[in-house]
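A quick write-up on the structure given underneath.
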């Protein structure tokens, strides 16, 4: 336990130091890593811990992003205010989607969420909504500057802003998942009939899991809009949902640290893949997906856990 | 009235394509209880193969035949190499593998053929056939081809020993082994047939929507909706569902919501059916024992 | 050479060992019963013979070793298994079920005449030939299961609790037909039964199983007259 706290502290110190030693572009990439980590944490709560498969989380990501963009563009809201609003909107939206989803299991839920993910861009391009969503062109927003005249450039400020929110989200998740709630979610995933027989209100937990999961991914979406300063329908197609799925499979299901490993993977591997084959980074993604399912089904987090357990047991 | 008739008939044409894909989905579902998320991409990929053949100078119908044969082989290969290892794995693992397949096929197609939209030839003449003006010759031809394929499949499953063995293997693998059926190969054959049917669907739809690696996404969604409406374990339901969804799509698109929200309609259909009548209109109601 | 020789056969479901080294043999043309209480391992033995479980030990059929072969290959050697629960293809017709029994055979004409012969043994199946097998009564499904196995033209038939769920009169009728088939067509039969009395009437030899082991063996007439057996297993 103490060892973990020490490791996390070291990690945080390094994280705070990084923007000052690497280039602006790298800082931007690391900001996105944190955004993805938050999104993946959201998906993991739903799919990893609670066993509800979602192939449509890109839709909540888009919802959060557009919330932020519309508030900033149309309502002139300050960037930091958009995050809680996006969180609230996505919490409700996720919960509402989770209600009908209660009746769907496994593959059928995957199918329904897949449909959601595929349909989202078209919905965002819809003419009648265009005066808010900006239609096909999307919305461009201004880049936030560091407040109070702090000696940080815009990229560095965005990094720390995202870092603060991400850390808060992770701490919240850790608290939620390690106690009764986390155990209930896992119980519902593994033996839902037994769980209900023990008095766990499975319907409430499952819908709440959907809501919370959507909230996390929505917050990530809002942060991504602020970091990239641009939202457009086609950036939120089914492949975003698929990327998130890849992230939690590679990072490790039902694991908080897995969200971080997965985020690193989805941010940096496409660049690597680009160098291997200019034209087919996705094919490499696909191969990785299959590889992990066959060879490392518990993901990187699981593999690390296994390694540590082995080292502890051998003298 | 003319407009309605035109929409209905055109809807039947696209409906035929949805019916074919839905049938392919149902075939695989019946045998494995798995939803083949990659069905659309397999169809797209094989249609590109047809395009290559035609571009290389091969006449249409021979290219068609070769493509169907290649699709059949590809389906068998995918089942034996990619799907078999995860047949009994947890649902999430299977879904991930299917999605990976989707992604790989999509990007390899994009890599080989680029994302520029290509036109795909239609084997049917340009002038209206039999003086029918409500549908283009291609739409009429597509319905014809679809019905031919469906009839051939029906005859195969109903009247041939191999078709019987495949039906048996899908329904009751354990008993099938006891009469000597090689269940694994029956599954592979099912995948081969599903891929072949998908290739035909792809080649019929490509002249209408133009060939590009992302062409099957929306179509697959409609095929899912059709399969669910008809009943995910009912081949006849899939076919009827396909035609129904095609007509519905066109009528709604022309008279109610415009053409821009078609995918949202598919989404609504899918969620609606799953909530209200998950076994579809022709499927069997499944009772799960506690 | 015996038709079936089983030596030191062990079998397990996952990590649980269920058969602990059983030995028995069957001569060609015989009807042998495998008796015992629930959980004795009788069904497991039949499944092991068909390659449906992981096994250790030796099984020889007509001289060939079949211990670690796949079910589909064992069937092709001439072993037909009527599983417990009958294993009917419920959504296919009666006739389709029967034709599937002959799936591995190449002699089309003989298959047609065999089909007619099955309808001769079980006229009720002929009446229902185009009906969905799931709509047949329990007794009819049992007849269908036996006929399907016979359509293989097997050398050995394994029957798992053929009397299950059937009225005694039906069981008598079925066993009578089994005896006829055994004599007329030289089909050897290995019969697993909880209904020991009727099984011992049909079979020539019997083995008694208890928790995965064979505890008693002998001619059925001897076992029937054995007091201990009568009291423990036949209930009188």
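Per-chain residue numbering starts at 1, and chain names A, B and C are given in the order in which the chains are listed.
The rule is simple: a contact is a pair of C-beta atoms (placed from the backbone, for glycine too) under 8 Å apart; a residue touches a chain by one contact, two chains touch by 3 or more.
Model, not experiment: these values are computed from the prediction.
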Maximum inter-chain contact count - chain pair: A-B
Core chain by centroid distance, with centroids computed from Cα atoms only: B
Inter-centroid spacing, chain C versus chain B (mean Cα positions, whole Å): 43
Rounded Å distance between chain A and chain C, as computed from the means of their C-alpha atoms: 57
Inter-centroid spacing, chain B versus chain A (mean Cα positions, whole Å): 33
Interface residues, chain B side, partner chain A - complex: 33-35, 37, 82, 85-86, 89, 91-93, 95-97, 99-104, 106-108, 110-111, 217-218, 221, 224-225, 228, 258, 260-264, 266-267, 270-271, 274-275, 278, 290
Chain C contact footprint on chain B (complex, rising order): 161, 164-165, 167-168, 171-172, 174-183
In the complex with chain B, residue positions of chain C that touch it: 50, 52, 70-72, 75-76, 80-81, 83, 87-92, 96, 99-101, 103-104, 148, 152
Residue ranges of chain A touching chain B (in the complex, touch as defined): 47, 51, 53, 55, 100, 103-104, 106-108, 110-112, 114-116, 118-119, 122-123, 125-127, 193, 238-239, 242, 245, 249, 253, 277, 279-283, 285-287, 289-290, 293-294, 297
